[in-house]
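Data first, discussion second: the structure below is written as structure tokens.
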Amino acid sequence: MDGFLALAGSNLLSPVVLSFALGLGAALLRSDLSVPEAMAKAMSLYLLFAIGFKGGVAVTAHGVELQLLQAVIAGIMLSLLLPLLAWALLRVMSRLPAVDAAAVAGHYGSISIVTFVAASSLLTARGMSAEGFMVAVAAAMEAPAILTALWLAARGARGARGARGTVRSDARLWREIMLNGSIVLLLGAFFIGLITGEQGMAEVEGFLLVPFKGVLCLFLLDMGLVAGRGLRNSRGLLNLPLLAFGVLMPLLASVCGLAAGLLIGLSPGGVVLMMVLAASASYIAVPAAMRVALPEANPAIYLSLSLGVTFPFNLVLGIPLYIAAASRLAAG
Amino acid sequence: MDGFLALAGSNLLSPVVLSFALGLGAALLRSDLSVPEAMAKAMSLYLLFAIGFKGGVAVTAHGVELQLLQAVIAGIMLSLLLPLLAWALLRVMSRLPAVDAAAVAGHYGSISIVTFVAASSLLTARGMSAEGFMVAVAAAMEAPAILTALWLAARGARGARGARGTVRSDARLWREIMLNGSIVLLLGAFFIGLITGEQGMAEVEGFLLVPFKGVLCLFLLDMGLVAGRGLRNSRGLLNLPLLAFGVLMPLLASVCGLAAGLLIGLSPGGVVLMMVLAASASYIAVPAAMRVALPEANPAIYLSLSLGVTFPFNLVLGIPLYIAAASRLAAG
Amino acid sequence: MDGFLALAGSNLLSPVVLSFALGLGAALLRSDLSVPEAMAKAMSLYLLFAIGFKGGVAVTAHGVELQLLQAVIAGIMLSLLLPLLAWALLRVMSRLPAVDAAAVAGHYGSISIVTFVAASSLLTARGMSAEGFMVAVAAAMEAPAILTALWLAARGARGARGARGTVRSDARLWREIMLNGSIVLLLGAFFIGLITGEQGMAEVEGFLLVPFKGVLCLFLLDMGLVAGRGLRNSRGLLNLPLLAFGVLMPLLASVCGLAAGLLIGLSPGGVVLMMVLAASASYIAVPAAMRVALPEANPAIYLSLSLGVTFPFNLVLGIPLYIAAASRLAAG
Amino acid sequence: MQTHQAKRVEIIIEAPMERRLTDILEVAGVRGYTVTPVHGGSGRSGRWSREGQVSAAGGMVAILCIIRPERLDHLLEAAFAVLERHMGVVVVSDCEVLRAERF
Amino acid sequence: MQTHQAKRVEIIIEAPMERRLTDILEVAGVRGYTVTPVHGGSGRSGRWSREGQVSAAGGMVAILCIIRPERLDHLLEAAFAVLERHMGVVVVSDCEVLRAERF
Amino acid sequence: MQTHQAKRVEIIIEAPMERRLTDILEVAGVRGYTVTPVHGGSGRSGRWSREGQVSAAGGMVAILCIIRPERLDHLLEAAFAVLERHMGVVVVSDCEVLRAERF
């Protein structure tokens, strides 16, 4: 507990978290501070490329093991099953319409890559290393949750509420989801890192490592701004039960991640990342897929929950908690 | 004098000044060289974040003193009063309509953060350090001048020229001005630097320090392009008296800044920065406020004066001059 | 031959080439991965500024020799004459209409600055240095080819096909071409590097050198995306003869570059760059000029050839080949 | 398909006034509008371009608003109150829309 | 100059649906269209802005399509099939064009 | 409110021709125009998108110009002289404006 409090305290005062807070505060105070869309996208491409590349290089350093396969399969299972947990929780805790509950559930099965990045960088700062292939697990977990969400929505639509909630789910949608930009870039950079190894890293570390943490700060400033603007515009939508869900769900999911990580025998750092992946909720790929497949689901609900509640919770409290838990439970 | 000439010479041949000259030349020759708006904004966010953060870290290193408060108050006074000086000069020297004179005066009370950045980086290069809290002074000086400008305009409007020059000055405008993006980011980064200190800097210096000077070059290239385009489009607006004002005003203002800096007992570097803040004219925050509050004032006049005349003057001659003066007069 | 194969193999597996391949693959698979236009332009400005600056600094280190003048003149001659070779080849090999053949020919006389950058960075990695002034040669070679292309088109238009192919070639067009953004920035940065020398470089290397290679990777990712999208949209336009031209032409042109480089007595690295300039085809400046001067020429043809065929060929096979040839033939 | 008469109002206004205009549109009962970027232009106050600009001053945005014909006057009066002293253009044209219940 | 009657159709649609819409327009025989960026807006589902956004969700694009009057109905039906369940606006107005052979 | 008849001319033209067109518009006595960005499109010469592009070639811009009806022909002729051999679309429609003295 002490370890957690110290860690949470020092995390709270890190430039990364403070930058998010600055953005959030600025948006809530209605400052006109804003980041151009092109800059936000540029930073996001940079972070995906850098984290993927680093993961690939790390794998070359340690060899590709059976564990990689196990971890990817575990990740896919988590992504497929966590939405069921989220759905059950939502139905019990809130009165969210079925279609919205399905959409939200999909977000929580999938992952948030910035949360992953923030956790990795906190791990590095603490001197804990993690398996490089966790990046591949992250990529593998992006999409399966959407499958479950659409199944939940289709099941719900057969219920009372008529047309609302009909699911658009064609081959094209699935191609779009599997080949969505962040999956392709993350995996692509992972393979480039894998192929070029330490030598490749030596060539590009002036770009991928040196400014990394600083770019992360600016990106989190932007996320704070977007989250704050979202919260302001969705006042009234997030009632107490939904807020509670936004905190409870990552905690429960992280326990599933913890179990999976321990089962596979990941290093403590790897267990943390598995918990973070389970606990985090998508805010880039899944929302776009939901707009196509479940247009009736209200985007303000799933975006505010994912970006405005669960993301900050993970960033500020969740990650230190997962680190504390994994340090205690996973074999050094 | 010799010291100034040597300094001005070496400044003139620095990559920073040459980049500005390149942009200016390209625009005047009507090259299609251009910087995307999103990139210009990205660089500006970067510079604000970096300079604010550095200032905060510098304060932790030296402790927050009473001087901070004195310097902030001096800055606010300068910002409030310098517009009166500018207004008087303009009325004596030029035939600018009252509403335009008021708008211009507001610009010269406020500050240009790039001029501040350029001066800081020249100071660093010369091994002169300055008080970190000067960043907070810069933030404090952005807005007060607008108050004086609007008061001048309102006073002028009660004169002969009828409706023209009526001032829109409501609570909303004041919220916008006080919470404008550059103030919020500069102060926010300052506090993040203050909280995280040297340790925070160690985490992000690969982004905030390593590429800083180079980004500044590209940003000045862009400012040269914008200034050159502005000058080309405002041919005929800037007559000789206005040009003279654009050079005389920063000189007079810098003397006020010098007096304030000496009074407070700032270090020579700090005195230089106080002079630079006094001497520089806003080209981001104040123009936007003027468009809302004084729409009848001609933006081509205040933008060309501030960006096309005073900014290059300060960049090329002003800063070396202020350094030479402060080195001589301020206590080591 | 062995040297070439080893070099080509290691080049193929470099982060730079793999990034291009990733972009190309993503676009061909119709992933929605995309780089914002502003980010692409920002990276291109960065690369031009950095490569120009480095060239200038390199010249100060070695002194400006008579060779500079010789190399610039050789470059201009190549740029003027290579389009004739391209035109002859196209007329023999393909049935491209005269106006399209003229436009394509213009592209191959001019140069691709990214190919130049990629070659420079491969040279540096191999410890081969090149004359800094090759940057000035690159700038000098951008435009002359357009002259020849327009002459070819005007000549063709006097033939059978009536109005189609009439050339717009006024003073304004020539000003636009000579002062186009990439020429101005490249030469401008070259002169800034020349003026500020090693000391200037020391100030900005954290921006211009440290992250250079990594930015190049992201830029090539983008070029892969654009090339892939172009190839997808121009299916059917590129028949076998045109594809063959896209590979044969750079080979022939590189031989001309080789001859010129040997004649002037450039270092092996300099000879490589001269070959690369001769062999590469424009995809920024010349296309824009062609849209103005030869609107009837089909942009899909010249863009796909230059960006989709010749650029990847040079990147993957050409550059290692030119290095192997120059290493063998040029005096150490 | 079944379409319905409506009015298409396009307002080009200085960027720093955007929020004031959209706020007043909402007060005037407008149910929706769309903001699109503007890159440059020319008018009595000269040429301008957003290229390389950092300040919101010296830029404009375009606001598109589809409304029922009977609400037009109300909207124009509200917009004019904000626009009156500012640069900018208000253009109204007839149009037809699908899904009239949305306007 | 000689101008020809045509219809100007403007569709504001959610960004993730852009490709689906343009594909169906091409199937419906539309010979050309232009996509323009949208920066923000407001509607029944609230205010939104692209500022700082990374995801395509929560953004819209505008698609402009000039067609011959006789093809309008066909286009609207095709577009409506894609749009029906989505946010978005379809605006049709009369216009005249040069070079009618292009449409 | 008091509105005045005017013409709304929308020209979609290749980006490298933008300056030539606006220059000629000014010569033709046009008092103002607005340039808006275009993101992509499709036409006889195929699909295109600005995404990731560096060159101005292969991109278009839209120019909007509100003028008095009596000046329309003059404008169209001037524009056509520039546009004739280029890709692009010219769309004219009727509109009404506030503050007619500006046009």
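Just so it is clear, A, B, C, D, E and F label the chains in written order, and each chain counts residues from 1 on its own.
Throughout what follows, a contact is a pair of C-beta atoms (placed from the backbone, for glycine too) under 8 Å apart; a residue touches a chain by one contact, two chains touch by 3 or more.
Keep in mind the model is a prediction, meaning the values are calculated, not measured.
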Sorted by label, the chains bordering both chain B and chain D are none
Min route length, chain touch network, chain B to chain E, equals 2
For the copies chain D and chain E, the interface residues, called same if over half of the numbers are used by both and different if under half, are different
Chain centres from averaged Cα atoms put chain C and chain E apart, in whole Å, by 38
Averaging C-alpha coordinates per chain, one finds the centres of chain A and chain F separated by a number of Å equal to 45
Averaging C-alpha coordinates per chain, one finds the centres of chain E and chain F separated by a number of Å equal to 19
Each of the following residues of chain D touches two or more other chains, namely 36-37, 49, 56, 93-94
Residues of chain B that touch at least two other chains are 32, 34-39, 41-42, 210-211
Chain-chain contacts, ordered by label, are A-B, A-C, A-E, B-C, B-D, C-F, D-E, D-F, E-F
Chain C partner, complex, touching residues on chain A are 36-39, 41-42, 45-46, 49, 53, 175-176, 179-181, 184-185, 188-189, 191-192, 195-196, 200, 203-208, 210-211
Contacts from chain C onto chain A in the complex sit at residues 13-15, 18-19, 22, 25-26, 29-39, 42, 125, 209-215, 217-218, 221
The chain E residues in contact with chain D across the complex are 12, 36-44, 49, 60, 62, 73, 76-77, 80, 83, 89-94
Contacts from chain E onto chain F in the complex sit at residues 1, 3, 6, 8, 22, 26, 31-37, 61, 66, 93-99, 102
The chain E residues in contact with chain A across the complex are 14, 16-17, 20, 45-58, 85-87
